[in-house]
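After this come two complexes, each holding subunit A, first together with subunit B and then together with subunit C.
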Partner chain A sequence: MKIGEIIESDTNGFTARCYKLYEGPDLGCLIKAGTDNSVYGIVAHVATLGLDPSRRPITRGENLESEDEVYLRNPQLTRLLTTEIKAITVGFSDGMEFKHYLPASPPRLHSFVSICGNDEWISFSDRLYFLKSVISSGLPQGDDIIGSFVRQTSELVSDPVSYKLKAARSIAKFLGGDTNRLESIVRRIR
Partner chain B sequence: MILALDLAKTALQIDSMTLAIDGRSDQVLERVINAVSAMKRLDPQVYAKKTQDSEGMFKWGTPVILEEPGKTFPPPKVPVEHKVIGVDGSHIDVDRHIPAHCYLINTGLVSLNYGPTPSVVMRNDPSLYFESEETFITDLHGSTDSMKITGSLLGAVRTVKEIDILRDAITDGNDDIPVVGLMDGTLIMLDLIRAGFPDYVLKQVLQGGFLSAMSDIRDLSKDKPLAIGSYISLPGTSEVVDALRLSVCPYTVSDCASHCASVSASHRPCDEVSHEILDRQIFEHHLPHGHRSPIFGSSSRMVEKFYGGNLVGFFYVNVGEEIARIEVPEWVYTDKEKIDLIHAVILNQCMLGPGYPTALMEAHEQAVISTSDRLFFLNSIEGAFESQGVKFYTSQKNRSKRLRWL
Partner chain C sequence: MSEIGPENYQLGTVVSGSLSEGVKVRLSTEYSVENVKVGSNVVIQGKHHRFFGVVTDVSLGSSDLTLQYDLPDVSDSFMAEVLAGTTVYGTITVEPMLTIGIDSSSDGFGPMPAKTVPEHFSSTFDASDDDIYHIFGPEGDGHFWIGSPLDMEAKLCLDIEELVKRSNGVFGKSGTGKTFLTRLLLIGILQSGKASNLIFDMHNEYGWQGTSESSTAVKGLKQLFSAQVAVFSLDAESSKRRGFHPDFQVEFGYSDIDPEDIQLLRETLDLSNVAADAAYALESRFGRGKWFGEFVKLRGEDINNLATEINVASSALSALRRRLERLIRFDFVSQNDVADSADSIIKTLRNGKHVVLEFGKHGNNPTAYMLVANILTRRIYERYQSQKEESLGGGAEVPPYLVITIEEAHRFLGSSMASQTIFGTIAREMRKYNVTLLVVDQRPSDIDEEVMSQIGTKVVCLLDSGRDIDSVLSGVSGNRKLRSVLARLDSRQQAIIFGHSVPMPVVIRTRDYGSAESYSEFMTTNERTVEGLQNKLEDLYGPSD
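Our next item is the complex of A and B:
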């Protein structure tokens, strides 16, 4: 499902602007950029903000009954606000198979960004080496990204419990003796 | 260190100015209160006769009073489903320091649909004009006279483009729901009329351009809930004040030259309700939130002469944050439903704004040309010339401004 286009891209990840306001993928979602030799990423950040950085949104609903009314009464907001996502690149396809490491060059600007279909998602997520790059990304929300990714993937596979155990074992290996962090991530996977 | 503007000296002068203004505030307030009281007492029939009797002798303008002057009009109900179309424009003027004789007009349009299925259209349309028939207005009847489109004439041409896109949007929409079209600023093209442009310019720009588009909209508005108007924020006009001058003038015929020529400003009888005050100050004291003033017909003789079936009237409205002046054509102000529609919609727009109509604010955002855009435009022209092998020259003055060498 095509959800947006890349507006910033570098070796480690990419930023995409979604076509529809608030219709971005969830944190931890597996997405891909480009249609041939796609680059794969895990959604690490979702933000909704004003298109023009010099214009800050103001409060509009103090006297309204519902949040929906704010948008009903201000139809221009759907054109002035935008939802953007940042993804950590976790692999690519060379047309033959998935590679779970960084591609030689980042995806092009304006590459279409899609949420991976179930089969592709399951197939890519069979090996979990790429979680190491998320763990070592230094992002404050790193544990939540991994937890969300594993939860979403486990809903797609035939044996969710086994998948979660497999993921927990991989993560434990990447973390070495950092049991506190392992506990933090496992709590999010359950 | 030598600065272009000595900020320390300027700041001292600003302090002096503020103190002087503050010192006069009590006197101003007294005159405003006098003015409100005079407005409530004003008899439109007596005023109309005195206007006639003093024709050519009263030195200020005399707006036509179309509704009971002391009355205020409460906010009508805004239709649940309606459309507001806002238009605005900006331009890059002809630059005589570069080899290309051209100008650019960027028009912005925002169309907001309110109701159960809200929607929005936003767009801008930059147009570069460089052919001689686009950059000059030529006398089409006989003479070889022509006028370069620049400065205030370009401003007028831009206003014509703005009303053109408003007319086109109204035509394309062909809506059955109530529609209000809003422009920024005044409907009275005084810069064009006052500047003494030749008749062929006025015919093409004002009559063939602006007023022709307004007449098209008038035709579209027949039997439809459609109104247009312009919105002036913090208006600096004093037409109602001028009317009060006439109404309180103690002389039967207000012949300023014979009665008050030797009296200094601020000491004439009419100064009690008018000296150094503006219309908006009167209405700040008179209009409750949401209410509008009575409608007045423009006092400009030039409007009477040129505007024909699109005579301009105005009213003031308390939008909460300020008193705004709304100008509307005759076919709007003579139709109560249309006046109620524009009154209600403007208040709603200012409430959503907040403080300024959303449609105009967004149209401005579509139309605005930033300083960096202007530089990009100039650099693009320079680049295009050089890629075609055409030498790009500029004046030494312009060059020195850009380089600012030591």
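Our next item is the complex of A and C:
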């Protein structure tokens, strides 16, 4: 399902602007950029902001009953605001198989970004080495990204509990002896 | 060894270790540390060799060193499950005992003592029944089924031919099953036909009916193998009370007692060295075979005169005379010349039978036990010695192996007397004259170190005392690690065997003895041989001429 296009791209990840306001993928979602030899990423940040960085949004609903009414009375908002996502690159496809490491070059700007289909998602997530790049990304929300990814993936597989256990054990291995962090992630996986 | 197959369950992976300290195996996530027992057998599949080893230690490890101070929330079962096998894991230490080559250059050599360790990350499996058969040999053909390895059903066999070539020991504290194990070993020797048994049956447990720990009656050798076993008794009345007639009643004349016997009895008779040594002076004064009879006739002043004559303190000689009174009081010691019991025993043994000498009421008297065992063994040994020497000169057949079983062996083989008694000589000179010992004892630390070092195969049940454990493990490779195995044996039906008749130390659950099924298993094995069938015929129709 196509959701947007890349507007920034580098070796470690890419930023995509979604076509529709508030209709971006969830945190931790597995997305891909490009149609052939796709680059895969995990959504690490979702933001909605004004298109013009010099103009900050102003308050509009002080005298209105509901939030929805704000948008109904200001239909221009859907054009002035945008939802953007940032993804950490976790692998790519060479057309034959998935590689769970960084591609030689990042995806092009304006590459189409889409959420992976169930089969592709399950297939890519069979091996979980790529979670190490999320763990070591240094992002403050890193634990939530992993937790959310594992939860979403487990809903797609036939045995969610085993998958969660397998993922948590892989994470334990990546973390070495850091039991505190493991506990923090495990709480988010459950 | 057979190939690693589906019957071998993978335990884990080799992560570190050394030949001297043992190999560390990290258990796989699925395998709980609680399922591994010290003493169990494992197979490690190396690159060029397959290693067969014993688990000598089980431990808990963690990749997070702060874990013991900062506990994770393991009340959450999911968290506990995640941690198990990853951050926290079980390790076992395996002592590699044997190697079997698995590449073409090493085929055909069979198991060899391990001189190296498996590579990192070698897979470790629990041993299968096939592995046990391959290492210890199948039942029959000189291999006797003594029990099963821990948590396995495989029949673990002893090489009886190797067993009888050397002196052996069964050790363990009271009530741990020494007698049952000894019965099994005796049956093994009997069924193999590799040696004859002479058993000094102190507590009347081997010949006819013994009792188990639960006080139920168990059959003796005579009941199981009546045609092959002869029971000699020192106390025919006791035998009759227990419902059978011994084949021979043993008696001794004064002429059978030698100064060496007095030396052996020095402690039990509470004699000083001078008094015990006086027996030698008496022997040279009166002559061999006559000294005892002549000396015990003397009274009061005669003893003083004799003391002056042979230059021994009269007080020592009087003490000796008083103490010898105890020997005279034994009803199996007669002042007349009696039938030569040693000769009867030897003849019986020569006929291919096994002899159990029951002590009846004298079993509780160490003096009687030691006196009789020493007199008989000395004479039997002399016969064997001369026959062996004649056979070396080409004048006689080589005597068959004889295994003499003695209980409370430390009384005969203590440091102070092992050099003087015939048992010490047999233990040290071993197989030179085809006579070996099967010593049964609960205080192995009291047995002379030199004798212990000559013991070929040791079967050891639970021992508590550190000294006893040190004593049985002295000279065994990897003894520090076996120590922990030995100290953790169950107090019933478990033993560790090491020495010449097994390729590697092994913990066994002793074979069942005492049930109708166990008896029938012995009989089945026995009847497999031609000799066994012959004996069965003799049981039914009497001896064939």
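By definition in this document, the second predicted complex is superposed on the first by the 190 of 190 C-alpha atoms of A that agree within 3 Å, B and C clash if a C-alpha of one lies under 4 Å from a C-alpha of the other, contacts with A are read in each partner's own complex, and residues count from 1 in each chain.
By our rule, a residue touches a chain if its C-beta (ideal position, glycine included) is under 8 Å from a C-beta of that chain, and two chains touch if they have at least 3 such contacts.
Here the structure is a predicted model, which is why all the values come from computation and not from measurement.
K.L.:
State whether A:Ile31 touches subunit B only (first), subunit C only (second), both chains, or neither.
P.N.:
After superposing on A, A:Ile31 lies clear of both subunit B and subunit C.
K.L.:
May I ask you to decide whether A:Ile146 touches subunit B, subunit C, both, or neither, giving the answer as first, second, both or neither?
P.N.:
neither
K.L.:
Could you look at A:Cys116 and tell me whether it touches subunit B, subunit C, both or neither (first, second, both, neither)?
P.N.:
After superposing on A, A:Cys116 lies clear of both subunit B and subunit C.
K.L.:
Go through the superposed model and pick first if A:Pro75 touches only subunit B, second if only subunit C, both, or neither.
P.N.:
first
K.L.:
Quick check for you: in the superposed arrangement, does A:Asp52 touch first (subunit B), second (subunit C), both or neither?
P.N.:
first
K.L.:
Could you say whether A:Lys173 touches subunit B, subunit C, both of them, or neither, answering first, second, both or neither?
P.N.:
So A:Lys173 only meets subunit C here.
K.L.:
Contact-wise, after the overlay, does A:Leu131 reach subunit B, subunit C, both or neither (first, second, both, neither)?
P.N.:
neither
K.L.:
So in the complex, which bits of subunit B are touching subunit A?
P.N.:
Against subunit A, subunit B makes touches at 110, 112-114, 118-120, 122, 352, 354, 358, 362, 365.
K.L.:
Which positions of subunit C touch subunit A when the two form their complex?
P.N.:
Residues in contact with subunit A: 29, 62-67, 70, 72-73, 76, 78-79, 81-83, 85-87.
K.L.:
Which residues of subunit A touch subunit C once you look at their complex with the stated criterion?
P.N.:
Listed in rising order, the residues of subunit A that touch subunit C are 164-165, 168-169, 172-173, 176-180, 182-183, 186, 190.
K.L.:
Tell me, which parts of subunit A touch subunit B in their complex?
P.N.:
Touching subunit B from subunit A are residues 52, 55, 58, 60, 71-76, 78-80.
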